[in-house]
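First up is the structure itself, then whatever we jot down about it.
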Amino acid sequence: MKICVINPNTSLDMTLHIEKELKKIAGNETELQVICPDKGPITLECAVDEAYSIPEMLKLVKQAETDGFDAVVIACFSDPGLEAAKEMVQIPVIGIGEASIHAASMLGARFTVITPVKRRVPTRIHQALHHISHHSLASVRSLDISVAQSESDPALTVKRLLEVVEKAVEADGAEVIVLGCAGMTGYTKELEERYKIVVVDPCTVALKFAEAFASLGLRQSKVGHYSFPPKKLYK
Amino acid sequence: MKICVINPNTSLDMTLHIEKELKKIAGNETELQVICPDKGPITLECAVDEAYSIPEMLKLVKQAETDGFDAVVIACFSDPGLEAAKEMVQIPVIGIGEASIHAASMLGARFTVITPVKRRVPTRIHQALHHISHHSLASVRSLDISVAQSESDPALTVKRLLEVVEKAVEADGAEVIVLGCAGMTGYTKELEERYKIVVVDPCTVALKFAEAFASLGLRQSKVGHYSFPPKKLYK
Amino acid sequence: MKICVINPNTSLDMTLHIEKELKKIAGNETELQVICPDKGPITLECAVDEAYSIPEMLKLVKQAETDGFDAVVIACFSDPGLEAAKEMVQIPVIGIGEASIHAASMLGARFTVITPVKRRVPTRIHQALHHISHHSLASVRSLDISVAQSESDPALTVKRLLEVVEKAVEADGAEVIVLGCAGMTGYTKELEERYKIVVVDPCTVALKFAEAFASLGLRQSKVGHYSFPPKKLYK
Amino acid sequence: MKICVINPNTSLDMTLHIEKELKKIAGNETELQVICPDKGPITLECAVDEAYSIPEMLKLVKQAETDGFDAVVIACFSDPGLEAAKEMVQIPVIGIGEASIHAASMLGARFTVITPVKRRVPTRIHQALHHISHHSLASVRSLDISVAQSESDPALTVKRLLEVVEKAVEADGAEVIVLGCAGMTGYTKELEERYKIVVVDPCTVALKFAEAFASLGLRQSKVGHYSFPPKKLYK
Amino acid sequence: MKICVINPNTSLDMTLHIEKELKKIAGNETELQVICPDKGPITLECAVDEAYSIPEMLKLVKQAETDGFDAVVIACFSDPGLEAAKEMVQIPVIGIGEASIHAASMLGARFTVITPVKRRVPTRIHQALHHISHHSLASVRSLDISVAQSESDPALTVKRLLEVVEKAVEADGAEVIVLGCAGMTGYTKELEERYKIVVVDPCTVALKFAEAFASLGLRQSKVGHYSFPPKKLYK
Amino acid sequence: MKICVINPNTSLDMTLHIEKELKKIAGNETELQVICPDKGPITLECAVDEAYSIPEMLKLVKQAETDGFDAVVIACFSDPGLEAAKEMVQIPVIGIGEASIHAASMLGARFTVITPVKRRVPTRIHQALHHISHHSLASVRSLDISVAQSESDPALTVKRLLEVVEKAVEADGAEVIVLGCAGMTGYTKELEERYKIVVVDPCTVALKFAEAFASLGLRQSKVGHYSFPPKKLYK
């Protein structure tokens, strides 16, 4: 089974970090490719960044299908361009945001999403409630560090994660924590040991769901919302 | 007051049609510009079309602010790139979708959105419920004609509109009809006379809301969700 | 265009205050009348006050239509008697509560409504959720001063507003503040400067929406919920 | 235990009809009074009718407390003025709408409310969802006869009830029917026999809930939303 | 009228406590029986406890119908096995959880449920929102004592109740308190006097609702969700 | 990896049918056991059936953990006893209902659940909305055949499935079909070919999710809702 994981930002460091973590858990029969676009923003922290990353990412999605991949994972928690990607190809496309939100709601009564920057808190709430029932969402809390910092300064990231998770557990009743950024991949052990909670690492869950869907022959339905784009003039 | 209306697809015909209709109702003190990008899809009928239209549209939004416009209207019912546009500039940006959904819910107990193509029905439902309370939405119904047909074949469009509106009124209890496509601008009179209902023409309502916000000095809040994009490397 | 703004309480001071503020922003072509009933409660702070103010207010609504006004604004944030007023006449009737709630949800991801008295907090929550989607409402917070104080003691009002808005921004994530009482008209500048947020002044937004609807020929639909009252015996 | 049932319209016929039905089921220790105001609309079919009935009704509520009654029932399904009545007195006030909506949701998975006139369908939906969870409401359906007809023409009322209930059961999955008008009191047996469903007669349920609350010393909480109206000038 | 109250745990102390409290408020014509199963868990504090108590409880429900009782009350706030009990018999079955949740939402704008153990907080939220509209629920708060302690140590229970209710009133805006455990029956007076709020004692309200339904001939509908179980092989 | 699939009814035929289908798709490294209890109802069609099956099923769950299994799947779409099972053990427990509802909402804009018997329609709606956002659920439709028939009469089952799926697609806008009964496992191909839709077979998806969770070391959080049952006396 061939699975293509696309990091939609242009950070090679983050792409390699994701690849390293995913190789640890990929199935024996999974041939894994982790890539990112050449052009576009180095991190995705707002809707403008996403808007400029999506067209490049969609080309990679299309190419993955052409190259015979069995499934695609979009490795940014915001699931940028996910609807368009599902329209564009027949193979299953999974966002790490949607996968981890659904997984988290099966693993506890209430979960908290941790997001790097505060301005994205409303987006995360809206995203979660688009997928799952409102009573599963304990809260969304932000680290108040930039996505770049979350990559380059692991000590700061861990410190802030510990502070924020403690509040989520005590004040919000969180039983499960979702690390709401692809760059946070790899911090689960410290949090689980300290708070005895369950931590969902989005990239790993999404890869496993992609393996699951691909092995069952499941893909997004092409009869309605995700049917192929109609042919038309592009000036 | 200078207001820039941006049709995010590349159809000059639709752009001129919108301009013609808006000139009829623009305020005396409003200097109106209606434009569209040079590059991109000729109509927007799916998420892929939107993804490729947004970066070009955002340049026009930025240019409008630079050129001293007081407000921007995005003239596609899907409100493509609206979040990004609101981040990008300080002047108020209004989508014709959001404006007409809010207006419709003040004008009757329940409204129906008419959309050209069936595949967009879930998007319209989701969009409406993102903005207003669920009990205001009677239904979303599709004409089952392409956006191109809705422009080029007015007789077919009217015929389908009359059929669909009748069902919305009788089966769904619609009291207000929202024409869910910029290209439908100009069909309100026939529907209002036939069914005695109220018809919301999205472009006209959005222009009036833009005039209202601009004259009051209201703009999207820049302290949270719509704050300016952080500076960063774009490869 | 003739627009009649009706303050449903009997406070001449508040009526004049509203008139003064609205004259600053009324359109050039708008002929503005701001009135209040002769009989009834001096402020509206509970459902009993509203119940006794509505019949008098409805007479003024009817008279406004007879006198050739093009639209009516009900200038109390609770929108007392709004459904009845929309039934009674053909011209558009807009409540300052509904107008500002819809406007606020277009101007930021989450807004907070400030209400004078604590007992009205549940009413404000219910009112907001009647109009817009739950994720747009950050919170409702009360000044814990009477409506009369909010008129007579501007220093106290400003002091409490600053305290409460700070909490709304910091604890609730509010990006937009809605001044939830007609008597608070005129305090926007201080709040905007201090917190860089956007403040919605309900009377001004409602007047602009009334101008917008009247100029487009939009009115509440008369085929369903707001159809004219059936004729019947009134003992 | 003394319970005062107030029909807020001025129809003596309906008042006597309600009294006759309630006397059949009142508890042995219940002293029952069924009254209506002298002034106001003969039936309540829209928000305007309600607005003019409420001030008169509130006087009767106050008088009931003064006269030593232990509870008040407002016998109109729309629960007109219920919030104001709960503010005004210390004794429990129960609306027949709220009582029967809560009862119905305990008696089946989904219930349908039958309302006389079509224009009130949105009001009934909104009322139900104000009280109970959305999945308990199967539908709201209208008889499309006036409230006056529902009183004066029992044969027509039964005929329409049977037609509408059949649709509710078959098309909407209704397991329980709520007769959504005080004037429909007394038709339960025919419907129950024909469709083997459960029919909730609002006046009877509300009287029993009033007896229940009064005997337990339960009343609306006076510390928040329903606290007594603040003293103030009424011009 | 014969009413059977079934405490589904096997604590005789709690059964006698419930009986003592209910005898104080049972109607003159009510013949009251309060029982519990011989086998099963001594308290119900989690889903496992409930799973093991339900089969024994259902036998008692069936027996109550056979013995000519007119209604059954399930006296555990979690309403364990309530759906199954409503399927099993024709006589009305009422859970103390559902009864008090519905009652509380008629007695104030917002109520708080107090539950003994923290782990049950999500269950209580979900239960409340299954029955009533979300804006009626102020919060769920836990005493953080075991159900056994809530029976055996009244001083500790009162102390914790006072602390928790104070937070519910001040921080959550609660106007009504629901004592979310059958074992808390009997503490209403202290709370009402101290905080001037209304306290709903679930067992008493459920008994009164059972009397109400039985006297009106109301029972769960047997045409859909609660129809009798189909006959089948039980190995 | 060892995974134990528990069919909670006592039908050996259904258990073997599930085993046969799951063996086709189990991972290479998965050691699969499919079992059912000795005692209890032969099919689960109502809450009473579930109540009597759960205690036996819980013993098998506990035994699976003792026997060193890495995950448990509960193979009845109603997810009977799922909360209790998650409390009881440390290894992940997944219900086929929850797994397929979450999967379906990732594979299309709206899905329909097909359930054998009509009386369970409200349960299915409630179950779906417990897990996912309401706009993902197109409808729940019933075959109106018994669970036993769905096993013993494949021709009838296929005929009814085709009729019901056609309605789901055309009238409800379903893009994905969830086969809402473990006994329907194996019918996906016929439906997919006929309607070009995507069909979710609950047992297979749940097995893949169990493999995914087990391989990642994910399990239900034991710090809150699913913490181990407190020790106590069981009479």
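Worth a mention:
Labels A, B, C, D, E and F are assigned to the chains in the order they are written; within every chain, residues are numbered from 1.
Quick note on the criterion: contacts are C-beta pairs under 8 Å (C-beta built on N, C-alpha and C of every residue); 3 or more make two chains touch, one makes a residue touch a chain.
Given the structure is predicted, the values throughout are model-derived calculations rather than measurements.
Common partners of subunit E and subunit F, by the touch rule above, are A, D. With centres computed as the average of Cα coordinates, no chain lies farther from subunit B than E. Subunit C and subunit F have CA centres that are 51 Å apart.
Averaging Cα coordinates per chain places subunit A and subunit C 43 Å apart. Between the Cα centres of subunit A and subunit B there is a gap of 30 Å. Contact with two or more other chains is made by residues 109-110, 122-123, 126, 129-130, 135, 173, 224-225 of subunit C.
Annotation, chain-chain contacts: A-B, A-C, A-E, A-F, B-C, B-D, B-F, C-D, C-E, D-E, D-F, E-F (touch as defined at the top). Of all residues in subunit D, only 109-110, 135, 173 touch subunit F in the complex they form. Of all residues in subunit B, those touching subunit F in their complex are 121-123, 125-126, 129.
Residues of subunit A touching subunit B in their complex: 10, 38-43, 45-52, 54-55, 58, 81, 83-84, 87-88, 118-119, 121-123, 126, 130, 146, 148, 224-225, 227, 229-230, 232-235.
Contacts from subunit B toward subunit C in the complex involve residues 25, 27-29, 92, 94, 98-99, 102-103, 105-110, 129-133, 135-136, 169, 173, 175-176, 195-198, 200-201, 204-205, 208-209, 211-213, 215-216, 218-226.
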